[in-house]
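Here subunit A shows up in two complexes: once beside subunit B, once beside subunit C.
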Partner chain A sequence: MTTPQTTLVEDHATVALEGDIDLSCSQTVRSALLAQLRAGHAVSVRMAAVSYIDSSGVASLVEAYQLARKLGLDFQLTEVSEAALSVLRLARLDRVFPIATGSDGKG
Partner chain B sequence: MSLSTPTVSSWRMKACPENLRTIRAHVRSATLGLGCAEDEAADIVLAVNEACMNVIQHAYAGCDDGEIVLHIGNNAGCIEVLLEDFAPPVDFSRICPRALDDLRPGGLGTHFIRTLMDESCYGHSAGGNGNWLRMLKRLRGAAQPVGDAR
Partner chain C sequence: MDGEIEAPPVAARATELEAQAALFAELADGFARTLNLDATLRTALLRIAAHLDAEAASIFFLEDDDRILRCRDCVGPVDIRGLRIDARYGIVGRAVREKSCLMVRDVRAHPDFAASVDAGTGFETRSLLCAPLLLADECLGAVECINKRSADGLFGSRDQYLLSMFASAAAMAVRNARTTVALVERDRIRRELHLAREIQERLLPDPDTGLPVAGLNLAADGVSGDFFDFQPVGAHHCYFSIGDVSGKGMNAALLMAQTCGLLRCLARSIDDPSELLARVNREIFQTATRGMFVTVVVGLLDLQSGEVRLANAGHPPALLHRRSGAWEVLECDAPPLGIEPDLACPTRQLALADGALYLYSDGLLEARLKGRPLGLDGLSHWLELVAAEPLGLRLPRLVECLRNNGAYWSDDLTVLVLEAPR
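Showing the complex of A and B:
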């Protein structure tokens, strides 16, 4: 995985993930997401280019989602790849995370 | 501990997060070579990845000096995976999946393994230094094992 790419527009951060999200990089993902939330930014996690995610990557998303709720900030996943979505379904988190289909976070 | 079927593929490598990608590639290649469909191979890859993560994080407790040995075999359409480590004996009574409606980070790996594989069992290696995990997945179209016919 390359370093998550973060784009900030006003108070909304889009964090784009790509490649394999596993134990070797899930802490980097976690830090990137939590940092944006702690800065008071709503977060969209773009997952179109995620080729694999394991439970450590999912745990990073869960932790960020929980912090967002605690802080009253919006948090959503966008353009989730089929590889990532199948793992979220396995954990039944596709029913928990707000998931948008469009790159604009809608849908 | 050994596979009940002849081992087709075996690897021994350091138990560190950086090796997980290589392990996944090995497992995918081996299981596809043994006749798994893409989705069946993906299930086994994820289950093995989660099992290796448990070894790295819990058995070796983050110490990068430990090793993992992985064996994969096939018996009449049933893929058998044996994962061995050389860590101090794990207290297996502490291994349990979290309830899925209990939303918190962590605790999903065991759920993944139990959901994706048809059988899993674990134990301590002879001599008391190490642990093993044996997982089975029956491939679609494989004959039902004797005594399991319905």
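Showing the complex of A and C:
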């Protein structure tokens, strides 16, 4: 995948992921998400263009989700591709992450 | 410090060229043979300083992402070992940046001269010769000779040529020494992974318990993040579990060992799979770092009735294969362990009757056959083909069939099968 693209509007960062989120890039994804949260920004992870996500990719999302909760910041996944959603559903992680369907982050 | 520079032992009849060649051969040989780079550098610095008739000589290595030049060793009246110079400044810094040998006949007039070093040491630098430690693709640092003692006190092109040759040999020796250190480290890590794998294998259950359960674990790369377990509990029950820790490597292996051990220990006193997972989840949630989590199925098989009670937290669905040929897919009921502080994972009850229950890690679902992941349909197809094999041989036979048909996988692969006692 290419580097996650981050757009910041006021205190809300949208981090767009694309391609395969696996061991080769999950560390980059992790850093991008944690950096936004540590800066005090709410985070939406846009996953429309994610073609595959493995457990290391999911772990990056889990870590960001846990940090957001600790810091009291909003964290959600938006426009999750079918490929990514099937992985999340299989492990019932769709019950953990707030998932919004619209591109505005509202479900 | 022991920095006395002696006159070079040049044979009376030897020509200067022969003397240079002999010196270079001696230095190169010393670097090539050395097991102790520091001692060899020290000897080499003394020899080169003597040969160039320099008052002092020092060698600097680049450190901190090439931002700092640090003096590794020196010979001469002042000890500057450990001295750190910003690599952007000074004559040494320029030689490293430009990757060229610099000869400065009057340092006071040179714009790059860092007078602060002399101010700190009390040593007066007049002339200087500095050569970078160059390899094909990188610069490791620089070596410099200071203040020619003889004649006009100036270094010449012969000196420049000799110091450049010396720097080339030293750069190769430094690279060799660093490669050796890296190899030793890699060997140490490999040994530790081997020991960790041994411990993991000891965590796997004894296959000859007489219980109607069999398991198989193939680690993809050294240590495994997967586990399975089965143990008798009381007189009439068999505890079983299968799990998969997110990620790879030593941290996954440690979390795997912790989860497997906690479950086995608590399963002796907690007979409700749902409660067992809730308890272990709390422990894992406290200790897991970096978003790591564990998908797991735990259960109890009643050895008299064949009834199974199980709970599945985030793990791929269990497959129940009835003797009639029908398949039942038992999806998981809760997210994995380690994500939320509290986990509500209901216990399911099912009658094994004459069927077989298969549990497996996602490495098996994602094994590729004819370029596509095996998936649930593929897996049940191959399980049907080996269903007639005796319990103890069935899983190795499954792997053999998959391999013979060109399947391959890059993840750990773990499978567990249970049948009702006959």
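In the analysis below, the second predicted complex is superposed on the first by the 107 of 107 C-alpha atoms of A that agree within 3 Å, B and C clash if a C-alpha of one lies under 4 Å from a C-alpha of the other, contacts with A are read in each partner's own complex, and residues count from 1 in each chain.
One rule holds in what follows: a contact is a pair of C-beta atoms (placed from the backbone, for glycine too) under 8 Å apart; a residue touches a chain by one contact, two chains touch by 3 or more.
This structure is a prediction, so every number in the text was calculated from the model and none was measured.
Asker: Put subunit B and subunit C onto subunit A via the superposition and say whether they clash or fit.
Answerer: clash
Asker: Under the stated touch criterion, which partner chain does A:D22 make contact with: subunit B (first), subunit C (second), both, or neither?
Answerer: In the superposition, A:D22 contacts subunit B only.
Asker: Going by the contact rule set out at the top, does A:S55 touch subunit B (first), subunit C (second), both, or neither?
Answerer: both
Asker: With the two structures laid over each other on chain A, which partner does A:E63 touch: subunit B (first), subunit C (second), both, or neither?
Answerer: both
Asker: So in the superposed three-chain picture, is A:R92 touching just subunit B, just subunit C, both, or none of them (first/second/both/neither)?
Answerer: Both: A:R92 reaches subunit B and subunit C.
Asker: Counting contacts the way the document defines them, which residues of subunit A are shared by the two interfaces, the one with subunit B and the one with subunit C?
Answerer: 23, 55-56, 58-60, 62-63, 66, 90-92, 96
Asker: Can you check the complex and tell me which residues of subunit B touch subunit A?
Answerer: 17-18, 20-21, 24, 42, 46, 49-50, 53, 56-57, 100-101, 103-106, 108-109, 111-112, 115-116
Asker: Help me check something: in the complex, which residues belonging to subunit C touch subunit A?
Answerer: Checking each residue of subunit C against subunit A gives 244, 246-248, 290-293, 295, 313-317, 332-336, 339-340, 362.
Asker: What residues on subunit A touch subunit C, complex-wise?
Answerer: So the residues of subunit A in touch with subunit C come to 23, 30, 55-56, 58-66, 90-93, 95-96.
Asker: Which of the residues in subunit A come into contact with subunit B in the complex?
Answerer: 20, 22-24, 52, 54-56, 58-60, 62-63, 66, 86-87, 90-92, 96
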